[in-house]
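Labels for the chains are A, B, C, D and E, by order of writing; each one numbers its residues from 1.
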Amino acid sequence: MNDYINLHDVNLFYGTNQALKDVKLQAAKHEITAFIGPSGCGKSTLLRCLNRMNDLIPNVKITGEISVAGESLYGANTDVESLRKNIGMVFQAPNPFMMSIYDNIAFGPRRFGVKSKAILDEIVEKSLRAAVLWDEVKDQLKKSGLSLSGGQQQRLCIARALSVEPDVLLMDEATASLDPISTMKIEELVQQLKKDYTIVMVTHNMQQAARVSDKTCFFLNGEVIESAPTKTLFNNPEDKRTEDYITGRFG
Amino acid sequence: MNDYINLHDVNLFYGTNQALKDVKLQAAKHEITAFIGPSGCGKSTLLRCLNRMNDLIPNVKITGEISVAGESLYGANTDVESLRKNIGMVFQAPNPFMMSIYDNIAFGPRRFGVKSKAILDEIVEKSLRAAVLWDEVKDQLKKSGLSLSGGQQQRLCIARALSVEPDVLLMDEATASLDPISTMKIEELVQQLKKDYTIVMVTHNMQQAARVSDKTCFFLNGEVIESAPTKTLFNNPEDKRTEDYITGRFG
Amino acid sequence: MQQTNSTASKMSGRHWRLMFSDQVFKWFCLFSAIVLCVVLFSIVFFMGKTGVLTFEFVKVTEYFFSLNWNPGFDETATYGAGIFFIGTILLTLLTLIISVPISVGIAVFLAEIAPTRLKETVRPILDLLVGIPSVIYGFLGLTILVPFVAKVFGTQLGDGLLAAALVLSLMVLPTIGRISDDSIEAVPQKYREAAYAMGCTKLQTIFFVVLPAARRGIVSAIILGMTRALGETMAVVMVIGNVPQLAESLVQPTSVLTSNIVMQIMAVPFESTWNYALFFMGFSLLVVALLLIVFVRIINNRSEVQ
Amino acid sequence: MQNLKDFKASKLAKIFNQFFMVSMWVLGIITVFFVLLLLFLILKDGLPYVTWDFVIGLPSEIDAGGGIGPMLLNSFYVTILSLLVSIPISLGAGIYLAEYAPDNKLTSTIRVCVEGLSSVPSIVFGLIGIALFVEYFQIGLTIIGASLSLAMLNLPLLTRVSEESIRAVPHSYREGSYALGATKLQTIFKVVIPVAMRGLITGLSLVAGRAFGESAVIILAGGVNASAEMWDFSLFSPGGTLAVHLWYVQSEAIVPDAKEIAHKSAAVLLFVVLAINLLFRIPLWWMERKMK
Amino acid sequence: QARTVSGSITINGSSALLPLMLQAKKEFTARNPRVKMAVSGTSSISGPQSVRRGVAQIGTCDWDASTNVPGFKKFDGLVANKVAAIPFATIVNSANPVNNLTQQQLIDIYTGKITNWSQVGGNDAPIVVVNRAFGSGTRVNYTAKALNGATIIRSGANYKEASSSGVMATTVRTTPNAIGYIDLVYVTSGMKALSFNGVAPTVANVINKSYPIWGYGYMMTKGQPTGATKAFIDFVQGKTFQNGAVKKMKFIPIGAIK
């Protein structure tokens, strides 16, 4: 199961501008894989390959092989919608929909055909509990999702992603705009979620990668420079560039 | 000079909702003061009192005394524009204007009546140098400020704030959306700027506060819980709540 | 380098000048907004003042509820404007039914689906439609659409509500389409990303996320389109048939408030009941439009998430 | 509880989606095709025959071969004058609504007024034009009367678009400017309006196009004829525009080539509106190029 | 002597007389550059009304507005000055086999008694009656002279009112079974003018008084015209204009009818 997510020679071009170069990478099931690297090195781009969000950008060309659980993502017959359902995503800035908290969570299940109020109620509670938000909002499910604080909004977005029971959760700097307490809550949450989900996260915060992840990949200019168990990478980086980057680190 | 910035019993209400409660606080000249605290505790609100940005929000009521260099900010005859010029501000998300890099910097001086091209050129160069951006953009001053990368944009905003030679620089989570390398650059920059400016910064990153600031104030629910030299506050917090907060910390 | 460097925030001459121009500008803006209201109210007053004289000669109930519009200068004259009210409402509804799906569809197509190149070509072309004089629309309607409608429906004449609604729909297409387009475009990408990332199809994303988020702008576009349709005159008179009768079908000549006003207002003596009645029709049209706008706004606000 | 894990995107949703995409493309293509057809219909009988003599020539009532010069000139003149009057007011009102107006009943009343104004039938503005300029000020049917009446027609749409596009400017721009000590006025003119320019220009070209093609107001307040000579810039000359002339040749003119004149006038009108659209975009292109 | 005139004249009123007035303005101002003239036209009735309100110096009208006509009261204090005689024609689509209608047939058609072309010797097809709007001078003249003042029908699926001569012409041209009426000059391709009681609508037949459907166009003034207005009216009624433009535009000079 060590190659639950498997990337082979992935190249990606925005127009003529190559953003990913021969990326090879594996991620194991029920582990947390972190992507680190300076801004613009292609972390988000790669993450977005994993649920084919890049399809939405015009003039993107992708070559190579990406598979999850043995199934090729870019196969001719891939059902993109089901794929995205199974590979949830949380973004840097919290982006709850302009609807009530309840509707935000029920949104996904409804799209996939769940109509019964009872089941929806159940899903909403379960997802909010999983995202450790239930206790804070259980009395105000009718309130707009936008009325929550930043940290709460981000947990709402995580709950929303969990509502359709994905296998994989992609997180693109999901704590970048949050305060330490919210960040900590979300880090704890991620650790818990690991039991049920395979998680790939992008982070700017090397401490976060060190604290949370099982495996870390260091990117530079669209290339994977080094990819190793987190401990190894932070303590004994093989590549000079990795070392340079992580020693330029904070506190 | 230990009370260059002086707040006395400041209360602030958004409508009926009290966001600041009896805030007392001093900040010394040519020092860096950091505000920390969980989300929603009123850090930004207080920071925005210092250059009267809260005036722009309807239904805000402020009581108490705030003075900078001995002059009351909320006096009846205060010239708000000159005040804001003297107390620069940098925001969380970089917000360069939709103009060229040059015009972004020249904007402030022009507003205050500087017309001569030669002087403007000089100000632009000086400010960009001060913000350690000059070398990166000196050949493309005509390019739009929006075409820069995030970290560059933020330094552009700092340069813009410096262009009118303020006395005080307020920074509201100015590195929150940046990668570590850009963050480091800006932290270094702030350390340098200390020589000429008095700096008040809000940060979510306690390490940042610990690394950069001379004095730290811890906020909770609109109150200043503790305010002390940074070393003291982080090593020997007096208040139990401060300790709880900073030991929930990272790293 | 000439720069002042005092923390002193004292009043300078320059400051007063700036404050002064700031205030003057604010007052100018307020004044402008008031000018708009004054223009509207003077029009309402101008129409209303003359219009109410109608009721010295005509019963209010007859005016509003009678379907018999038979004005003239003798005792047999009747001034039932009911037909025109019904016609106006029908025409507006019909126009909205035809134009809203198409215009919003076009907006969705432009903002969400069409490739950039196509967008950039189609938008100016749509803008162009606004500039086509209503006379041309009317004339094309008369020479091409009306005979076509007659042929399709097997009637002798093609004039009527349908032809008018089709012409109006074409006229409001750019207004509704382009303004909706802009507001759909303004919906932050993050909402779309969130929806796609949940496995939504494009259709679901557009319907459940994008359009609700753009609703404010779309409603505003529809109101503007609707009011333009309500107030449009030159093209409507050419294709509606101008007969003061209750339309039994969509292809029977009939008349609406505006077309009746245009046809007759320059053709009747001043200081006649007929003239007053026409002014009152203009007045009522405005009132109806204002009520409709308020109504749409209330509905829209009520359904918005608080 | 159902296990959502095994849920797949439903076939139906996909079919709907496919159907939707196809119908959107069909709608898009049909509309584009239709609009092009419309333009073709308007242009085909006119554009090939438009000559310079026609464009600047004087009209004729009896003999074939008359031109549209003074009317075309008037069209520009009246449109520009009306915009000169309506732009400051609309922009002012738009700025007021977007930047100053408190969020209260009065403000929403103003907004309803603005929208209400756009439902006023154009002929009513004409009637007001007559009452005001012809009857009260006794200046007769003139360019100035036509322009001012037309200006009232421009107000609502222009105001709406100004408000919307100014409102759409992110708050962070304003904050950046205020924090530098700029006054509200400076912020609005130097920071907000440049960002809102795109929307403003769309609105402006819509309004200019509409004003250019308006006839009902002008027939009443400006008359059906234009000055008898070319390049007459007097504000008190008769204010008939090309759109009015088009109406006139379509409805009443006797000249043997009325039909041809109508076609050619329509073509010229459309062509000018196209030119206006392009013209308004030039500064945008220029701005965008500069921003690269 | 005419060259010394100056002043300003606003003409408003009949749209049917617009072309003639525009031409007159052109010729007149060429001779009298110091006279400012503006011409507009919406409907006949607005002519005398504008004059009475003082909005225009000359109000053109297709009937003599200083007398009562059916539907319109006279305007006191206005003076009527003839411009030209205007012949009107009954028109049908050019595909219609009917070439002639008697006055009674016309009246029956316009009052709704005859509704099928077969009743007047045409195809078996319903008759579509096209009327001009109330206030149109053409309508006033046509009703008075062709229909003997009969009351025209006001409703029905095969009845419509046209807002201008152009719309009338187009409707008849594009509607196979339509019948309408229009100034003789506007009769062009796609339609044909019917004989009235066997007499073809021609200028010659109007002059020899065998074709009765015609009327004078008038310039109404407040009292006797003076100054520039008088000069203009004199010019319009003068030989040069009457034998020139009036004839060319297929109106009939006032002098031609005895």
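Here is the rule we use: contacts are C-beta pairs under 8 Å (C-beta built on N, C-alpha and C of every residue); 3 or more make two chains touch, one makes a residue touch a chain.
All figures in this text were calculated on a predicted structure; none of them were measured in a lab.
Peer 1: Provide the labels of all chains in contact with chain A and in contact with chain D.
Peer 2: Chains touching both chain A and chain D: B, C.
Peer 1: To get from chain C to chain D along touching chains, fewest steps?
Peer 2: Minimum number of steps from chain C to chain D: 1.
Peer 1: When B-C is set beside B-D, which has more C-beta pairs in contact?
Peer 2: Answer to which pair has more contacts is B-D.
Peer 1: If every chain is reduced to the average of its C-alpha atoms, which one ends up farthest from chain B?
Peer 2: Centroid comparison gives E as the farthest chain from chain B.
Peer 1: How far is the middle of chain B from the middle of chain D, if each middle is the mean of its Cα atoms, in Å?
Peer 2: A distance of 45 Å separates the two centres.
Peer 1: Using mean CA coordinates as chain centres, what's the gap between chain C and chain E in Å?
Peer 2: The separation of the two C-alpha centroids amounts to 36 Å.
Peer 1: Round to the nearest whole Å and give the separation of the Cα centres of chain B and chain E.
Peer 2: The mean C-alpha positions of chain B and chain E differ by 80 Å.
Peer 1: Two or more other chains in contact with one residue: find those residues in chain A.
Peer 2: 81-82, 85-86, 111-112, 164
Peer 1: For chain E, write out the residues touching at least two other chains, lowest number first.
Peer 2: 42, 53, 163, 167
Peer 1: Which positions in chain C touch two or more other chains at once?
Peer 2: Residue numbers touching two or more other chains: 18, 139, 199, 201, 204, 262, 266.
Peer 1: Return all touching chain pairs.
Peer 2: Once each pair is checked, the touching ones are A-B, A-C, A-D, B-C, B-D, C-D, C-E, D-E.
Peer 1: In the complex, go through chain C and note every residue touching chain B.
Peer 2: 1-3, 5-12, 14-15, 18
Peer 1: Which residues of chain A touch chain B in their complex?
Peer 2: Its residues touching chain B are 38-40, 149-151, 176-184, 204-208, 211, 248-251.
Peer 1: So in the complex, which bits of chain D are touching chain A?
Peer 2: Interface residues on chain D, with respect to chain A: 1-5, 7-10, 13-14.
Peer 1: Give every residue of chain D touching chain C within the complex, in rising order.
Peer 2: 9, 13-14, 16-17, 20-21, 24-25, 27-28, 31-32, 35-36, 38-39, 41-42, 88-93, 95-97, 99-101, 108-110, 112-124, 127-128, 131, 152, 155-157, 159-161, 164-165, 168, 183-186, 188, 199, 202, 205-206, 208-210, 212-216, 220, 243, 246-247, 250, 262, 266, 269-270, 273-274, 276-278, 281
Peer 1: Could you pull out which chain E residues touch chain D in their complex?
Peer 2: Checking each residue of chain E against chain D gives 8, 10, 12, 15-16, 18-20, 22-23, 25-26, 29-30, 36-42, 53-55, 163-167, 185-186, 245, 248-250.
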